[in-house]
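One structure below.
Labels for the chains are A, B, C and D, by order of writing; each one numbers its residues from 1.
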Amino acid sequence: MSAVVGKLRETVCRLHDELVRYNLVAWTAGNISGRVPGEDLFVIKPSGVSYDELSPESMVVCDLDGEPVGGELSPSSDTAAHAYVYREMPQVGGVVHTHSTYASAWAARGEAIPCVLTAMADEFGGEIPVGPFALIGGDDIGRGIVATLKGHRSPAILMRNHGVFTVGADARAAVKAAVMCEDVARTVHVARQLGEPLPIPRPAVDSLYDRYQNVYGQRSPR
Amino acid sequence: MSAVVGKLRETVCRLHDELVRYNLVAWTAGNISGRVPGEDLFVIKPSGVSYDELSPESMVVCDLDGEPVGGELSPSSDTAAHAYVYREMPQVGGVVHTHSTYASAWAARGEAIPCVLTAMADEFGGEIPVGPFALIGGDDIGRGIVATLKGHRSPAILMRNHGVFTVGADARAAVKAAVMCEDVARTVHVARQLGEPLPIPRPAVDSLYDRYQNVYGQRSPR
Amino acid sequence: MSAVVGKLRETVCRLHDELVRYNLVAWTAGNISGRVPGEDLFVIKPSGVSYDELSPESMVVCDLDGEPVGGELSPSSDTAAHAYVYREMPQVGGVVHTHSTYASAWAARGEAIPCVLTAMADEFGGEIPVGPFALIGGDDIGRGIVATLKGHRSPAILMRNHGVFTVGADARAAVKAAVMCEDVARTVHVARQLGEPLPIPRPAVDSLYDRYQNVYGQRSPR
Amino acid sequence: MSAVVGKLRETVCRLHDELVRYNLVAWTAGNISGRVPGEDLFVIKPSGVSYDELSPESMVVCDLDGEPVGGELSPSSDTAAHAYVYREMPQVGGVVHTHSTYASAWAARGEAIPCVLTAMADEFGGEIPVGPFALIGGDDIGRGIVATLKGHRSPAILMRNHGVFTVGADARAAVKAAVMCEDVARTVHVARQLGEPLPIPRPAVDSLYDRYQNVYGQRSPR
């Protein structure tokens, strides 16, 4: 394969360490993919392989129908959902799926996470929305993600009774969204346990979102 | 002992690291056993030894009455329960016992964990059931486990006021069930703290369970 | 100093790693002491020193009035409480103090932890009791500990609005009690969040306690 | 730059490890600064750089208007708030900002943390107060911090819907306050989940605070 694919295998493989570090995954239940720039391909975690045993070589290259292109390992059982997102959202370069605890708890109740923290306004630009219940395997999950996230500021969606999908300009940005999604899901949950969090006025949410997307970080591309 | 037993000592010893990694155990309170293939023997953790000090040599080989076969260390104080399961459930090749926090909290209330997450449908095929209150030492715990799990899809049982037992085709599968049991026990607990989780329709549970048991992972045996 | 004291400095120093490992302490807020066998002395953590910087040499040797015997570092600000316990409870060889989260939460409400887990019956023989509110520095804390724990099965006490003290035959046994106290404090808290835990009948508590104290572990001294 | 600045870059850089160790930060959301002794300068984390990649050289030196003095990296997006505090509170030598979970949850409800733990009386001398809602970037956050903390014993403030700021005589003391703030925020939250914590009488709070500030630790400067 090309040097670009080789580099992406390495990047996607290593990013799984962040899912482990932030306690977003148990056993093998979570996966990351990254789009190969300029090609109709993406790189994704193999199915049912533990995070300790992942290597760049074990990552699976798939076409945008989710079919593996060579290699011996089966791709993640969530591959169809990743593929659907790449087909329908051309600006997306990375997709992450987890069952992280607090986000999945909101998903189990089918409840969106209200934007009551400045950190949520920064990263998500408002609430984190809920998508439909969908069975795994076909296009239903992907369809639910795209229908909900298209035209929405949030890079994260809570799939009902299931877990979280996040998207980003690249795999690293999608991982960041997954980390921040669990972080705010937990903080808002904890806040709600003892009363009602105070709302943030919409203009303040807009102002925070605008600043964070355009001013935060270093000038070089993140 | 034979090479098969030596290998199993190593495997069972190392799997205890997963109990520590996933915070399923405090001090010495949790144990794993594995059946010796083709023999009426199993390998189990010694009693009261800390996880840092476990070595393959310190694992205790027992017969199916739970009696140690040679060696100097006493086996886990839960050995009688493991032995009963091996005698009565020939398809079981591994047994795990923990007092993991969230699962034990459901057990303290004597409440089954309802299947409101797709990850639960995948691994447990429905709710995680509750077994009776039983004193340690004799056959009561083993009897409670077998009476509840025989004919049940769930590889995990919550023993009332006590903790969790899980079974699997081998020790690794039983450890996976213990990890997933705590993970879903925690997520469903968190979901319930702020309202009622939405139910998953039974046909969807069946479909998820069927797919996960037959399609997930790599084609080679797990 | 004698070889016995040197060994005890090493043991008490290293046991602080367990407080860190089990997340029982933040910054420098927790301490362990051990009685010097056959002498009216004990070894205790220095005050305000971080766990990373502890060394056997930095441990402070005190007499049973809590006065340092040589050395340059000040002993833990809880030294008077440790000393009082050693004076009044000759069977105690180790004392631990922490502000571990869940146990301290019960202490903040002034509520004993009810015995609704077999692991509590094993280690504590019943509920974990609450001691009085007491200011630090003089004998008040020590007096509260001794008045509550004398004649009680539990090696742990929740000091009101403060935290936990545990005792044991040696420092390691007291650390084990501190680890198990937080573990059951958390599990019973979690159980109570969604309803009432089921009680364990008193005869079953007695039977579990008797077995654990006499049969559990290896025959050699722990 | 001078040796003093070089040493401070190293100190401030390394202190970020404590934010990670105590789980006070997710991804890049938290920052520490330290005042350069005897100069109108402070050293602060660069914006949007992950904790793994921080080096002493990457720290940004700013003047008390928050403007970088040389260097290529942009300072933390919270720099204006740090600068305001240094301008208005000359006794402050270190400032820390986090979105730590439990403290931020109290902040989301706009609720001060009541002083119901002796450890709170020790470090904070009473409740941990709430500051106003303020947008990031200008002087509003700094103004809210100073207006609330001037003349208050607490070195920590909960900024509404946002997170925590702490101050100290140096950066290390501010980090300690951030660690202790999250610790007591969590314990008081947990206590409140199952009832009302008991109050500590004001004279006892005063006595604990006085002792801790003057007697605790080693005689050498902390």
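In this section, a contact is a pair of C-beta atoms (placed from the backbone, for glycine too) under 8 Å apart; a residue touches a chain by one contact, two chains touch by 3 or more.
Which chain is which protein? Per UniProt: A, B, C, D = L-ribulose-5-phosphate 4-epimerase.
Note that the structure is predicted; figures quoted are calculated from it, not measured.
Each chain gets a centre from the mean of its Cα atoms; the one farthest from the centre of chain C is A. Shared numbers divided by all numbers used gives the overlap of an interface; between chain B and chain C this overlap falls below half, so the copies present different residues. The geometric centre of chain A is 44 Å away from that of chain C, both derived from CA atoms.
One inter-chain figure worth recording: chain A and chain B are separated by 31 Å, centre to centre, where each centre is the mean of the chain's CA atoms. Annotation for chain B: residues 193 touch two or more other chains.
In this structure, the chains touch in the following pairs: A-B, A-D, B-C, C-D. Interface of chain A with chain D (complex): residues 22, 116-119, 176, 179-180, 182-183, 186-188, 190-191, 193-198, 200, 204, 207-208, 211-212, 215-219, 222. Chain contact summary for the complex, chain B toward chain C: residues 26-29, 46-49, 73-74, 77, 99, 101-102, 104-106, 108-111, 133, 135-137, 160-163, 189, 192-193.
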